[in-house]
């Protein structure tokens, strides 16, 4: 029992890493997604093709494979380009790989939200003389996020759980800490249950935050 | 990257294909079967029915599938009572555990989708049923559920792909499906890239076939364009933001 | 420029983490001693096994020390140092089971025919089990305690693991398991490989030469034997 | 045929019906009008058990409706309802929309139900739309199907809640024609509508509601010529003669 | 102020406008009517560059619109448009709805824009709704905000596409009142509407469209008394005098 308690601080460290990875890749994924949505809706044919290929392939592969190929494939490419091994620390690497994955899913969510905005909104903006940029920034984007919020909340929970996979690039996040502690103490079930409990705890907190955001973003509904 | 290893890894991955398909399809079917009653319970009026199911779906959606799989497979087996019970012959087999864990997890997700679909149906549909005197059962079976299923068909198609990807976790309980076979191959040969690329392509191909199958089904089902649209069909207009600027 | 070493520290007593979170174990002490002898600073990284070799190949690590068994097939992808350890293996089974009575290799092989045997992914045991135990249902586990648990639960009939690992596992399971047949080594089954070595990216001859020399020295002066006794209770330094 | 007494309905703190009473004889045709939010829909929905109420009694087509509407299914189609949004079943063809309740509630055999439904469609001049899906029809056609669907159950009372207000101006006429037709056949009807021309020519009685009470109740002649309340006059001015 | 010549518009194979020409002088008030699907909306949307066209020229408020509408932003609010569905920006308050384009397009300073907008709201009797979100307003109020939003840009021409048809009967009046008010101030207007009372009292000219062409064009007196086409007569009968 005391041995189990001794490993709890490690789990909490792992929890922090999990949060860092999940938050980081959610944020970067969102940036990728906004750019991709813009490309998919306003870009020329090659850009649209690139976006749709990116989304299709990433969404069709098990995440572990994607992270593996993105990170190690990416490192090989980078190393070839610079002629020497390019050191990427594990946290950056994990966040990059997972951003790339979550970017694909977020693109689809944002695109779906974009399409629920009635076309009349853009037409009204146009008839007032607003340009494409101003229309996107002031009319489309805020509404897109308000529509997308439930989807974004879901995706956040998914990324939270998927961050467990980045242990393959050398990050000691919650799941990996749990496995290591299970190995060291010979009591796997205890640790798996604690790990599950911790995930559920973050899930509950984030759901509450999203519900709050949802209430704030309703514009007088 | 070596072509020799690439060729070598094709039969390895292919050997896992059958297990991948079994786990995926069985898990999917189990998930769908359980999702309907769970989804109905989620929209039930009685809190006695609603709360336990809401908690169940919350826990299953809130923790990683891998942990759930471990708890089902290794956790339950630690209890003598479980090993003496009637379910032991079932969960004794790793494949069954993988299918059950994935099915339960998928059911939780789909149940929430079904409940959402039911809530998004225009209330007028249920009211029309009441005013025609249709029983609760007939209302669900003949009117509400067909519309919900038609509306969530794309989500169900999505779910099949998600289950396909989730099946890659089955190797954690010794079920050597494609990705497990790929990892074992890597461990044996220390050549990580080739076999993962082969596995990736196979996953893409299967997902692509599933996608085609679902779009085929979708086109075969008539009626409902989008939930909540009654009256005159909305006039299609060009893209949300015109390409003119 | 420190030497970067990767290991998967979830594998006592080869590598695990102590309550302070530091990587400890047999591999760690062997690796540290090598570093000292070749005059290098070492930076250790704990990473899941699935990513170790890819990391080595893309250049993230200079060395991987994680109880890796040396085989000809693997040597096509990475270079191995000279072996530093040669771990003995053992079959275990449920206490009082039919297998428990077997004494010799031949008896063991006959008894295992068609049985369900658990081995670890990433080990060489799969090849051994497939080659010598006819029609056996060989199942791959990621972790050794999972094999012990399934053995105790009755899902499998036998497990093949390192001798040292069994002792811990059997203690934790309160006498539900016992060892079967003789201790097995690479002398019994060549598929076990030629002991455990350190993996390097191919072509790093210079580093390999320095590491090799350190290993040979450490075996001959008994350092490895001493570390081994500390962690395993017996000497498993490579003598081949 | 309908006896509603002292209906009270509130949403949380907001009281929507303040004790509304109404008696309708068999064969009577009532038009209900009033400003938006005055509680017309709520009243009609209380009558056929779509809305629970906080007080009052409802007896309709021979059934006593409990306040929590638990026994609403006992009406079993005796009270037909036509909604503003049609509420056709979008996944069923027109014919299936009509036969579903006949088969499931009345237990009419499949064949007989279809024959009856086809007869009803013929009456509505929709024979060639039998195999179409609702969204393939114009709004006016959809509303006629909705009326047909309710009529197939041979209701004793028909309730209409603004059946034409979701329609294009040109389609309004085809639906009003059908309703006029029904009124000539002696069906008991309550119609919520702003179509004053229809009210004038069809209604036996016009009822004006405002803020959850019945303000005025009169035959069309009196109602349009000599409305007694100022609010009614104001309403008629805004509705009838906008310019 | 508006010169449209020989406008041709098709969606794929379906031709929607078959060469429509119209000239509108400054200050003229035009009412456009016709059956559903006759191309009224499409025509109006071609005029302010929301819809590309396949042929014909459009000159409006001093701008020549190219056929692919590439230069639509040059109109920069000179042509105001009021839509049937209001199309207010739901995430902005009423005040921000009004000031957004003033600030971004006209580059009016924040303060000045708000003052102007408040003056406009006062004119529309919406002062106390400045901080509300569109969803918190009634339909009639929303439409008045939409009109105010367009007027804030000081347009030379206002286009209205069925501005009252999504409204409840009683709210129609408040919007029609505002529009009548505007027409008295000499603004050039094209109004698509079925409100014949409004047309009669406000329009300088009434234009009747059917199947993508202008069928009839006359002053209100002539239009209502002596329509020349049978189709117009039929339309007037169905719209005006349903009972």
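Chains: A, B, C, D and E, in written order; residue numbering restarts at 1 for each.
The rule is short, and it goes like this: a contact is a pair of C-beta atoms (placed from the backbone, for glycine too) under 8 Å apart; a residue touches a chain by one contact, two chains touch by 3 or more.
Quick caveat: nothing in here was measured; it's all calculated off a predicted structure.
J.: What is the chain whose Cα centroid lies farthest from the Cα centroid of subunit D?
T.: In terms of C-alpha centroids, the chain at the greatest distance from subunit D is C.
J.: Measuring between Cα centroids, which chain is at the maximum distance from subunit B?
T.: Farthest by centroid: E.
J.: Distance between subunit A and subunit D based on Cα centroids, please, to the nearest Å.
T.: 52
J.: Based only on mean CA positions, could you tell me how far subunit C sits from subunit D in angstrom?
T.: Here subunit C and subunit D have centroids separated by 81 Å.
J.: Averaging over Cα atoms per chain, report the distance between subunit B and subunit E in Å.
T.: Roughly 49 Å, centre to centre.
J.: Centroid of subunit A to centroid of subunit C, CA atoms only: how many Å?
T.: Result: the chain centres lie 37 Å from each other.
J.: Going by the touch rule set out above, which residues of subunit E reach two or more other chains?
T.: 49-50, 72-73
J.: Counting only residues that touch at least two other chains, what does the list for subunit A look like?
T.: Correct list: 68, 72, 121, 126, 131, 188.
J.: Of all residues in subunit B, which are in touch with two or more distinct other chains?
T.: 74, 78, 192-193, 242, 245
J.: Please output the residues of subunit D touching subunit E within their complex, sorted ascending.
T.: 35-36, 168-170, 172-173, 176, 194-195, 197-198, 200-201, 235, 238-239, 241-243
J.: Can you name the residues of subunit A that touch subunit E in the complex?
T.: 118, 120-121, 123-131, 134, 138-139, 142-143, 146, 219-221
J.: Mind pulling up the subunit D residues that touch subunit B in the complex?
T.: Residues 45, 48-50, 72-73, 75-81, 83, 85-92, 100-101, 104-105, 133-135, 138-139, 142, 149-150, 153, 166.
J.: Going by the contact rule set out above, which residues of subunit A touch subunit B in the complex?
T.: Residues 41-42, 57, 59-65, 68-69, 72-73, 114-115, 117, 119, 121-122, 126, 131-132, 135-136, 140, 157, 161, 164, 175, 188-189, 192-193, 195-197, 199-200, 203-204.
J.: Along subunit B, where are the residues that touch subunit A in the complex?
T.: 58-59, 61-68, 70-71, 74-75, 78, 161, 165, 168, 179, 192-193, 196-197, 199-200, 203-204, 207-208, 237-243, 245
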